[in-house]
Amino acid sequence: RQRNEAFESRIDEGDFIEAKDWMPEHYRKTLVRQISQHAHSEIVGMLPEGNWITRAPTLKRKAILLAKVQDEGGHGLYLYSAAETLGTSRDQMLDALHTGKAKYSSIFNYPTLTWADIGVVGWLVDGAAIMNQVPLCRCSYGPYARAMIRICREESFHQRQGYESLLTMMRDGTDAQKAMVQDAVNRWWWPSLMMFGPADKDSPNSEQSMRWGIKRLTNDELRQKFVDATVPQAELLGITLPDPDLKWNAEREHHDFGAIDWNEFWRVVGGNGPCNTERLQARVKAWDDGAWVRDAALAHARKRAPEARAA
Amino acid sequence: MTTPSIQPGTRADVRYLLRLGDACLVLSHRLSEWCGHAPILEEDLALGNIALDLLGQARALLTRAGQLDGQALDEDQLAFLREERHYLNPVLMELPRGDFAFTQARNLIVASWLLPLWTRLQDSADAEIAAIAAKAVKEVRYHQQHAAEWVVRLGDGSEESTRRMKDALAQLWPYVNELFASDDVDAAAEASGLGPAWSSLKPAWDAAMDEVLAEARLTRPKDTPHVYAGRLGVHSEHMGHMLATMQSLQRAYPGGVW
Amino acid sequence: MTTPSIQPGTRADVRYLLRLGDACLVLSHRLSEWCGHAPILEEDLALGNIALDLLGQARALLTRAGQLDGQALDEDQLAFLREERHYLNPVLMELPRGDFAFTQARNLIVASWLLPLWTRLQDSADAEIAAIAAKAVKEVRYHQQHAAEWVVRLGDGSEESTRRMKDALAQLWPYVNELFASDDVDAAAEASGLGPAWSSLKPAWDAAMDEVLAEARLTRPKDTPHVYAGRLGVHSEHMGHMLATMQSLQRAYPGGVW
Amino acid sequence: RQRNEAFESRIDEGDFIEAKDWMPEHYRKTLVRQISQHAHSEIVGMLPEGNWITRAPTLKRKAILLAKVQDEGGHGLYLYSAAETLGTSRDQMLDALHTGKAKYSSIFNYPTLTWADIGVVGWLVDGAAIMNQVPLCRCSYGPYARAMIRICREESFHQRQGYESLLTMMRDGTDAQKAMVQDAVNRWWWPSLMMFGPADKDSPNSEQSMRWGIKRLTNDELRQKFVDATVPQAELLGITLPDPDLKWNAEREHHDFGAIDWNEFWRVVGGNGPCNTERLQARVKAWDDGAWVRDAALAHARKRAPEARAA
């Protein structure tokens, strides 16, 4: 009880909690769930973008995309490390992913169907992710906060690159390219809005997380911020966001927007999006196909260990 | 009727650079196919990193080849708009990615060839190439070490990994001698000081390979008589499928700006 | 800037025929991938034969769609020069060929759908379509029987084949409901007498599938809520790779005469 | 001895030997080797052409190619059946193929690198095959002779289709297409000439086969016939055959042609052609991957047999 009070007061003072510090079990569990889910999202997120590396239209774009997907793998690596400081191993976390116990961001259950999707994922999906993640740079758990600072820096770089690639196509590209960009925006807009999670009234777990500084703004607040930030970018691009109800509300000083299809949201979260099965299978297959490699590395280390000692 | 394919000229120096540039481009492509599918996350990163280095080398080489060719062809025209017959990489690079043993064994073979090649190219009479080489040699040294570590680990690992590594080497070996084949393109590069004849790289390659294979307790496969001719534009059946994928956007959106 | 991609108009009858024509075209493509790789020589022949029948059906349908569209687009322009977004086959057809169980299970699902569809199209108000249907219905009846035999053989075969057949059905089932989805294109075809609404095919399909599954001692998988939208031009990630291959020559040799 | 004399006199009279007839063991063995090698060539030959089915440039050409490759599978089927009449099962023959004991035509160890290769394979490779096979329609073993009649009919159809596709490209195609055809001819010409086997002086086994009517013309005779038939076809196409020594010899009333690279011939026959390993691996993989299917079919048949009996 005393430890708990000390913990709470450190939180209140805005101190970072570190790995060796005492923390309530619920705090630890919530963090492991959130960080590992975030790590899983990074590595599952490599798949829809990786899908286009071999078809990138120029060598420059190929290099940018390859580097981006590699960064995502790197984010996965820091995040698994951050979660490991809380006493759960990477293998345990991966096992939870592979058996369907752990979640990853539902946005990656949508397919990337054209090259323009790559730009739009950078612009909208990374944009929404940053909106969600920037507050976490001030989160109460030190290792997570530090990982997020690095991740957010890289993500905004990705977002700018995605937007720039769309701008190039919309300004200098052919009609077919412009149509491709508009089509990609049409498909990704609503799923991007869903990335902020259910409406506040349907999100009962948020309060405790807010209290602990694991979460700092509500889903609906973040979603509104995202819409407000994105609308002028869309105008600059010259594309139409696929929502007839989207308009500036001078009174609220925010954009109003149409109703989100929460049925779709819950369906995809529940495992029935267009790519849920394929994404999970791709991860499980990579893991299973790689088992002999991991086994061999262990076998080799065991063989060579005595040599090292004898030397 | 016009065709949108471009065709570089037949200058020996351009061909010499395209052989190397295409080798880097095509192996980079094959390595990038691992992205998101590697056995451990660290290897997703490592293979992606090697692919990225090779892509950078390819871009520099294609750009330089385009300048020398004199038709103002840029790296993208050269990378995406040639017919298969005008890609000059050795066939080894275009073989499908295979399993992880195949990938690491090929990486070892290629990096052990690129390392002495880039080392020598640091002294190229072409100052641009010398500058590219100075950067590339550092990258390739890391690639060689990384692949060597895996070949040792897998070669002297579990029963299964040893079997797979032996199979990989047996599969790859018939494609190795093309890396050391000589012809007039090669001779011209040596004579002009542009770069070494590939045959001169053999002793360094042999030494590097033998060292790793000994450490991995693997036997070097026997040499085979057929010499593939990717460097002359005669590829394997895999190349066309790879190019169909690689070129698809440039072909389907002519005049596109990316 | 011009693009060489062609785009059919939005007439409902054209879209109705393209949905079916593309379904035949794309499944034919997937089946042709087995050529030379089937488990027994007889199946190399049988799968090739089915692929050939479906290709013939696709050619007739695309030709007719091109006539109705009024832009004088021929079967090859429609087959090879559309952007992915304008192919209207259900997603089911474009899934990679999978193993032999997957292939036969998909063939059963598709043939059990095509059989009542072609049967009804024999009475199409479009005499061309009715004539195409008269031939196709015989072909598809054989396809359905052939696939049913294999589903029974594998479903009630060895432990491994039963497991594979169950996995195949589980993989395929989420894509089935698209075959019976309705919209205005569908409604217009029904109203004009061009062809039946796809939803009306469900009872016949259910009966055929249930019969085969019972004979194979397999349980019908549960229905899933997501409805794929290939018929609206929204495909899976597999489609782009398939089209890169399929379109490669037409894209790389514009103006070619074959 | 008496049976042997009767057999020989039937051969001399031009009678067909049938499956139930007595025949010398050497005759049987030679036939099984020859027919099964021919059957293997058909099914291995599906691979280089199958390689282009998914990339055929028009639907008509795709249908023609698909039907052609299917015909080759069909030829394999008749030929295995013909060989089975001699007491060797298809599984035994396939096992000999998969373990490298049986050969197939070396021509299929060359890759098909462009679409024009498909036309050229039809024109030159099927052309050479027909030249080799037409005499076999009069071969002494009835089942083989009858299979060859059907096969030769289909092969000449394929050859005409191949030639017609080249003619279309050479007459109406783009420069790039014409260059593609010439390039394919350059690569396939010499290997096609090698299809007739070693020079007569290096082909000692032929005599007995000639005697039995299993072979009816020598390798060099067939090769000369092929060259003489092909040169005017090449002229009509407007392509150049890649042999500077090729010219009409008015005295011989035949075309002279350059020296064949017999080193290459023996290297490819010996297993070191460009695709030997891949072709065999593709066949072995198809067979191994299909093992569970064949097992399942047997298991099913066993399960259902009692039902059938009980019914």
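When the chains are written out, they are named A, B, C and D in that same order, and each has its own residue count from 1.
Simple rule for what comes next: contacts are C-beta pairs under 8 Å (C-beta built on N, C-alpha and C of every residue); 3 or more make two chains touch, one makes a residue touch a chain.
If you're wondering where the values come from, they're calculated on a predicted model, not measured in any experiment.
Asker: Going by the touch criterion stated earlier, list every chain that contacts subunit C and also contacts subunit D.
Answerer: Under the touch definition, subunit C and subunit D have B as mutual neighbours.
Asker: Using each chain's Cα centroid, which is most distant from the centroid of subunit C?
Answerer: B
Asker: Looking at chain pairs A-B and A-C, which one is connected by more C-beta pairs in contact?
Answerer: Between the chain pairs A-B and A-C, A-B carries more contacts.
Asker: Centroid of subunit A to centroid of subunit D, CA atoms only: how many Å?
Answerer: 57
Asker: Quick check: how many Å separate the C-alpha centres of subunit A and subunit C?
Answerer: Spacing between the chain centres: roughly 36 Å.
Asker: Just curious, how far off is subunit C from subunit B if you go by their C-alpha centres, in Å?
Answerer: 40
Asker: Which subunit D residues reach two or more other chains?
Answerer: 55, 173-174, 176
Asker: Among the residues of subunit B, which ones contact at least 2 other chains?
Answerer: 1-3, 5, 83, 240, 244-245, 248, 253, 255-256
Asker: Run through the chains and report each pair that touches.
Answerer: A-B, A-C, B-C, B-D, C-D
Asker: Looking at the complex, which residues from subunit B come into contact with subunit C?
Answerer: Against subunit C, the touching part of subunit B is residues 1-5, 83, 240-241, 243-245, 247-248, 251-256.
Asker: State the interface residues of subunit D toward subunit B in the complex, per the touch definition above.
Answerer: Interface residues on the subunit D side: 48, 51, 55, 111-114, 173-176, 180, 183, 187, 267, 272-275, 277-278.
Asker: Of all residues in subunit D, which touch subunit C in the complex?
Answerer: 43, 46-47, 50, 53-63, 66-67, 69-70, 73-74, 76-77, 80, 115, 165, 168-169, 172-174, 176-177, 282, 285-287, 289-297, 299-300, 303-304
Asker: Flag every residue of subunit B that touches subunit D in the complex, lowest number first.
Answerer: 1-3, 5, 83-85, 171, 174, 224-226, 228, 234-237, 239-240, 244
Asker: Residues of subunit B touching subunit A in their complex?
Answerer: Going through subunit B, the ones touching subunit A are 25, 29, 32-33, 35-42, 44-45, 48-49, 51-52, 55-56, 58-59, 62, 75-76, 79-80, 99-100, 152-154, 156-158, 160-161, 164, 245-246, 248-250, 253, 255-258.
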